[in-house]
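Working notes, structure below.
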């Protein structure tokens, strides 16, 4: 089955290439970025002698000729106009941008006017543990944000036990790769090395994404207070969910029950760390209480479970394959 | 004025030496560790050609002969028996261990039986912003823990505005130097590099210290839920306090008011970072709200404001000096 | 084909497990360390839900029952006594220790008395680019040291053009994983982070290994002057070979010619970096001259090409498989 | 004595400010960058509550009114035109750029046409150990490059014992701050973290600087082969000089003799590390031999001994002060 990768220059594009090279069913038939005219080995020198494909200037008609499904690793706004073309040409789309993640009103409030209102309502939110059946018949998947992936997997199992009149706080920490390959002050080595700080506290655009999904999936309307931090590491993401329990409950049992059939969620009995999930699609979760205070602690690889490997799981489901097919599970340890 | 440093082998001992070398009034007359018979340049090769003092095997009678005040950078339990001797010999003590930080009952619950009950009630908690007058006449100062220092400086100004029936959460991140120079798995480079994780969530011994001081200083009995994390950096500490406001309040005004006379607290209008305080005694604080949700964000150097430079501030006050005398304020940037 | 991994606790043992899980032909039938009685998921928590095998206390007879070939990731000295047993029981051995790398006299001078003189002369040095034919019929392979692997692959193509009366210098830099998982001062995070230094200059035991192989493979008796450094990173190794050319030569052509048939050597036209080889079995090489001065610059993953993946290449050859079978080629980038 | 800092935005400008704040004699009377109209606390937030000075748009006439000496932390080319003005106005200059470091011909070959030929021959090369007397009467000091500082301090003592017909190799490693605060791909965190590589091998502009000074100071015309590497750390520099001795010599005695009167060179009996010199003006040196092969190993803080603190030592000498006045000697350890 032929697939295309659009937006091959960035980190998530590279991760898609790396996963799909070893995928038993998907075959990379088209790689594109905004400029083209380069071999993928020049674009990503680490791929020398590994894969030999030309990088094209992205063109929807070309994609439609050679691929059944396209992964879009594009900036938001750019993504929806390209997705629209592909969908109209009958190509399945897994969109890694924010463009189809939110309901129209939420999207336009936090991002920009939407340019593909036709398809937005068809998009399935690509968190496989909670949307598996919908994903199987979907033609357009909105791959979740990295923070929402780790936060929702931690929060959902407990939402029924949480006092949602009390504040819910999420303190999240991400490696710098979440900020992308572009040159920015916050990702300058001299700034980030031996440093750590919050950014956009209570204002990050993943906050409304988390809040909206809690409402859609669990029917609970509550205020999520989200503070992300930048860590001086390259990959990995750690999330602390702090909430108040309504009553005593065996939190580990709740967690085990919630994910007993999940291939990619591992329950831990010690606090989760970044390294055990780096390089994999796993989400590790740990839970602890202090009387009514609840601490749910999750870890993912922000580029994989938070982006590219989750995208391939979604593509597996869309194409009738086993969700585990070709998905990385072996961690970057040490 | 002659001072002694007992426990010179560890990180906080080294920081004390580094500060006191340049102190205009204090003169290091005695340096000791548990073994002695070494020059301080052998113990800390970075001090070659900087200071030339023998390291003695710690002996309280020798200290009393040559110093008016002693800094104890010893493990808890070891510290109280040494402090007791020094106090009985008339030597002033700044104790960097936990031994005199807590009320007797709290201490014995979380640490071990206390061996110097006589002096524990004389000890002043060395957080200068809140105990300045008591420090000026004190002969025994209990230097606060690193996490409590950063957490209390963030929390105290807001305690009157916080709904203390709602949960208060503290998510803290520390550099590895807080774990000391001894060889441990969690401070092995292969474990910590490119990693991050919580440890002792809701069970760390700094949690009762924070809770007790909130009660003593502010008269408020509330549950503090504290989760520390280890960062892959050497020095620095970041604290997030999450709480619920009772009512609308101008949080920046509260903060400015609380610290308008403080030499070592800086109010920031962007989230605080580690680097701006590393190498200094400053505590930087930033505050943000989301309706009733409160986020107070503080940063200190865990070895300085969280230990050694705060100890010297306390010694300055105990000896009638200006609190700013000889205190480092120039950050390790870049 | 069933294989055993002896010495599963350390970094190279873990890397062997990670590679062999995905190997198309080899099946891990036995995993052991010095204590046993543990599941491999407890030993390496990152393997939770990935592989479910008991870790045994190493026993040669048990190995012989269930495996045709064993990888020994043991300390030197321990390794040779275990290898001896296995070889006598008819099990093929890939030994990752130093025990069979050197000629007897060299070994005993730099390590300790040898305890398996019988087999030492049968051992083939497992650098596939230079010993491929011998490896195919070998029953005992001595897997090269990490530094010698990177140094010899850089040096061998040029040895005929180098003035071996002039000094040859090798300045090498390794990530800390080369120093192993045990707790040591030099691998304490507080020591190594933001630091870098040479160790054992001109005295490291990989120096005689390099020198001996230059003599054996190329017939050239010359003095190699080797200085390794420790880098504040986890994995990767960079080698600078500095030598003097006898005459003008097209060094890039020499390099291309030497490795035109090598699956795992990549010639670069810019200086090599660590990241492009991390996670893979590749050795990247770059060469530059300044009149008669020669700089050959190679990069490998010290745990893979410098240990575990090279071991699997060797096992592939010993078992009549394609050398590329199951060998990792996708780098840890970013 | 009033001094000016021109070029305050970069790392070396900040280091100058940090040193001069605590200098007992020099008083910062003027700080400038290319834009001005900002307080230094906005330019460098770590200086909040530490120093309160306006940053001006650089103007030579203004400098001449308020300062006797100016430190120029400007890019090369920009620096010489500003220096020329200042010198003509009678202001002493310590220039941290490359503009006055080289003889005219060498400069123009490796940089660009020189715009202040009048003063270039008056410039004294600011390596105090070798130019102390000349510095005392100088009005224009060319502060050495970071690599040449570490390399020459290592090389000079041995030059008489080295066979200069054999190749001399220098393998150097620098922290990223040497590459400056500007956004570049090689200093992007995603590129540099967990990475290391050479750059400009045999082509870096510090190579002719080293070569020229060996000729000028020691009268020896030899080829220096210089390969710098970038390390994934912020500050510090390590240099390995590899050469061939003409005869047996007690290398430690040579080193001790060379620097017996030097306040800022420390001879080590183990390989030097970055941390022991970080934050200081020290150059640590270690030497080892392997028969005729020589390894001289030096460490400096690239921003201090390699730039700003050496500049202040030079200013001290130019102004008749003790060279040690106000110079940092306490390392960033841990």
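Before moving on, here are some points about what is shown:
Chains: A, B, C and D, in written order; residue numbering restarts at 1 for each.
Everything below uses one rule, namely that contacts are C-beta pairs under 8 Å (C-beta built on N, C-alpha and C of every residue); 3 or more make two chains touch, one makes a residue touch a chain.
Model, not experiment: these values are computed from the prediction.
Where chain A touches chain C, the two copies mostly use the same residue numbers: shared numbers make up over half of all numbers in play.
Between the interfaces B-C and A-B, more contacting C-beta pairs are found at A-B. Averaged C-alpha coordinates put the centre of chain A at 37 Å from the centre of chain C.
For the pair chain B and chain C, the distance between mean C-alpha positions equals 46 Å.
Taking the mean of the C-alpha atoms as each chain's centre, chain A and chain B sit 40 Å apart.
Listed for chain A are residues 11, 177, 181, 190, 194, 232-235, 275, 332, 334, each touching two or more other chains. Considering their complex, residues 166-167, 169, 171, 173, 190-191, 194-199, 201-202, 223, 225, 227, 229, 231-236, 238, 240, 242, 244, 271-275, 278, 286, 288-293, 295, 297, 299, 332, 334 of chain C touch chain D.
Those residues of chain C that touch chain B in the shared complex are 11, 176-177, 181, 183-185, 187-190, 192-194, 232-234. Those residues of chain D lying in contact with chain B across their complex are 11, 14, 18, 21-22, 44-46, 48-50, 177, 181, 194, 234-235, 263, 266, 268, 275-276, 279, 282, 303, 329-334.
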